[in-house]
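Note that the chains take the letters A, B and C in the order they are written out, and that residue 1 is the start of every chain.
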Amino acid sequence: MSLFFQLVVSGLASGAIYAALAIALVLIFRATSIVNFGQGEMATFSAYCTWQMINWGVPVWLSLLICLAASFIVGIIVFRSFIQPLIGAPIEAMVVVTLGLFVLFQAVTMWIWGADQRAFPSIFPDGGIAIGGVQVRISALGTLLALAIAALSIGLVFRFTRLGLSMRASAYDRTKSMLVGIKVQRMLMLGWGLAAVIGMIAAVLIAPRLLLSPTMMTPILFYGLAAATLGGWDSPFGAVVGGLLVGVAESLGGSYLPMVGAELRIVVPIALTLIILLVKPVGLFGSYKVTKL
Amino acid sequence: MNSRSLPTFIKVGAAAIALIAPVFLPDFLLFEVCIALSYSIAVLGLNLLMGFAGQICLAQGALFGFGAYVTAYLNAEFGLSPYWTLPAAAVLTAAAGLAVGLPALRLQGLQLAIITFGIAAAFPQALLKFDWLTGGVSGLPIDSLETPAPFAGRPELWLYLVTVACAGVAVLLVSLVLFGDTGRTLRAQRDNAQIAEALGVNLTKVRLWAFGISSALAGLGGGVFAILNGFISPQSFLAAVSINIVIASIVGGTTTITGAFIGGLFIVFVPTWTSDINLALGNVIYGLALIGVMMISGNGVVGLVKKLVCGMLQTTSGNVPSLKSIQGRKQWIALRK
Amino acid sequence: MTLLDVRGLSASYGKVQALFDCSFSVGDGEFVALLGANGAGKTTMLRALSGIARSSGTISFDGQRLDARPPEERLRLGIAHVPQGRGTFAEFTVDENLSLGAITLSDAAQVRRDKERWYQTFPRLRERRNRLAGNLSGGEQQMLAVARALMSRPKLLMCDEPSLGLAPAITAEIFEIFKDLHKRHRMTLLVVEQNADLTLQFADTAFVIETGHIVATSPAHEMLHNQDIQKSYLGV
């Protein structure tokens, strides 16, 4: 039983990271109907920038703050230069463009920092604490806490501020939003910036565990996509639930299902997502609006 | 094939170039062209599925790998001649594709894309897990083709001809499907599933057919790929292959046959060229090229060429009725009678 | 005094031209009806005026040139547009819809007072303030769309086929509200309708638009009794 809880907790900690990436994907999808396949690699790039600053001797927290701001700007630049000119283009074109972002950011990271793995400092202290007889790592709790704070602040901004209302409206209906005087392009741009920030949070949370490398986020991207699909592509709340579910399912399935084992643990989230979609084709919290790619 | 077709002289010209190419190309380039063609066969299948049936599949690379492993396994385990493994690869991969296509009966678009992407990501892991069947990390060898006497001096040429022949078979198959009733049914259900169903289209059957044929082509392409390389391992069939095939399909233009070949050549040669320009910056340039191509033409390379050529020649050949317009629907009903 | 002055306005969707060289003006405090059959170009006209459709020609509003300005600036200058069909944000609550209407205004206290005012005018909306707009009845949604437009404190309210798909009693209710806005609040109204008889009873002036051309202009009461115009353009 103790193993079970151990697995659940470590699953939740991974799940928090998938959830963060899924939130970023969902934000962009809601705003621009685009699946940003480059989200993970953009996040890796941000994490490398943070690593570089820490390496130069800048305090960790200051590096994080500066790079979060820089990620926001990178997100905006990407939107302005590659996405905005293509709004209204066929959806297939968008798929290739975001795959191009994937290649581009991975290549830029590789070009600047090389392919070697680097140790990334954890922002949480080492060690663990015992909760009801289960040993829980502090970093796992910290990761969950970080996700909770990020998700909650996004939720609050979206629900209770004028800016949040404008962003939600722009994502919902561009023409009507223009009619009420919202600067829709600016809102979409902010959405891309915000997504880049959240993506970076996912990357710096996972970097200490996986070691920093240019391809670090590539496998995580799949889990983020599965989480977003599971939760429903137009629901940030669904992204959180989806991410945690995917994390726990992967952790439990990899250990308890002998025919799956460590190699095939990726099958568990796929199977889970498939089962849920067969029951509810738009995901747990999605609405029926979203079906097209 | 599309509402506008490329002028015949361009197609004939392309075929002529394909035939005389080997005379001029050095062996290593010829080999690269063959690899590109093997991908193109899989891309062609995806075009049928994505461009015409409107179903997204991000597992085409996994099916491509499946075909490659069928070929290798039959050859290594049963000593079957590589030639005979090809039809087997196509048929068995079609069967596997039907299994992949089952969720497609209920899912579409984004959801289907993610599930199939999951299959693509799991495939190399599965190859490692079932190593008693697949040879695990060390992979499987394939015998080289028996080369007929006249080609003994240059076996690469024979390989090329075999590859071209397989591509030809694939083009023939897709053309037969598209220009017959099936093609119309495919487009109809893509444009409007409800109306198509009301008009008597059996959606389940049509979608499974599309998955089956598309997968058969993936398997054939994979088999050719295995024969060309003489050795395969999980490393050749990572999820990135599926992504590359999708890129090839879209960059070429999803609703054309020609596009599949342009796309196949694109994913093999453009990354090589860009790293020739600058080794360190190769992929940076490749990423920009991908984005650039789509920014210049949202319909892919063939779309761009068509726009240019048809603009110059003012040729608009037979419109294909589309269920998106009322007129199209009427035409379509008339055609079915 | 002229509030809106349109000169030589043309608009097209790709190769299809929908408006041809249209010119007209709307006086301050006037209630104008824009009539025409289906496909005549009425919706396109409103879209061109609010800036969500591309157009050429000059549009002057309240002494300012509008034609190069984006939609949000036109809204700030005082043009509100209730689009055709359900002009609400269906997945947002009634209250959020009203907040969206006032999204360009920064004085929170004033926005709250305005909401209160329109809830008084549309008491049914107050009862449903926390419901999703998409769950309201058609008539309630139309009222919400109008209230939402009024939240931006417009000088000119443009409304596209408010009667579309509504029961006659509800349509009458909405036109009574227009009349009240017009008479009591001296609001300028530009109402697009296919229902000519009803609209002409309320409007001061009427324009008739046919295949993208303005083909008739006259005081509303004259047009109401002019069989010729009604027969030839409005298909009555």
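To be clear about the criterion, a contact is a pair of C-beta atoms (placed from the backbone, for glycine too) under 8 Å apart; a residue touches a chain by one contact, two chains touch by 3 or more.
As the structure is a prediction and not an experimental result, all values here were calculated from the model.
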Touch-based graph of the chains, sorted into line, ring, star, complete or other: line
Per Cα centroids, the chain farthest from subunit A: C
Between subunit B and subunit A, distance of the C-alpha-averaged centres to the nearest whole Å: 31
Subunit B and subunit C: spacing of chain centres that average the CA atoms, whole Å: 52
Distance between the centres, which are taken as Cα means, of subunit C and subunit A, whole angstrom: 43
Parts of subunit A lying in touch with subunit B, wherever the complex brings them together: 35, 37, 82, 85-86, 89-90, 92-97, 99-108, 110-111, 219, 222, 225-226, 228-229, 233, 261, 263-264, 266-267, 269-270, 273-274, 277-278, 281-283, 290-293
Parts of subunit A lying in touch with subunit C, wherever the complex brings them together: 162, 165-166, 168-169, 172-173, 175-183, 287
Subunit B residues within the subunit A interface of the complex: 50, 56, 103, 106-111, 113-115, 117-119, 121-122, 125-126, 128-129, 239, 243, 246-247, 250-251, 254, 280-284, 286-291, 293-295, 298-300
Complex contacts: residues of subunit C adjacent to subunit A: 50-52, 70-72, 75-76, 81, 83, 87, 89, 91-92, 96, 99-101, 103-104, 148, 152
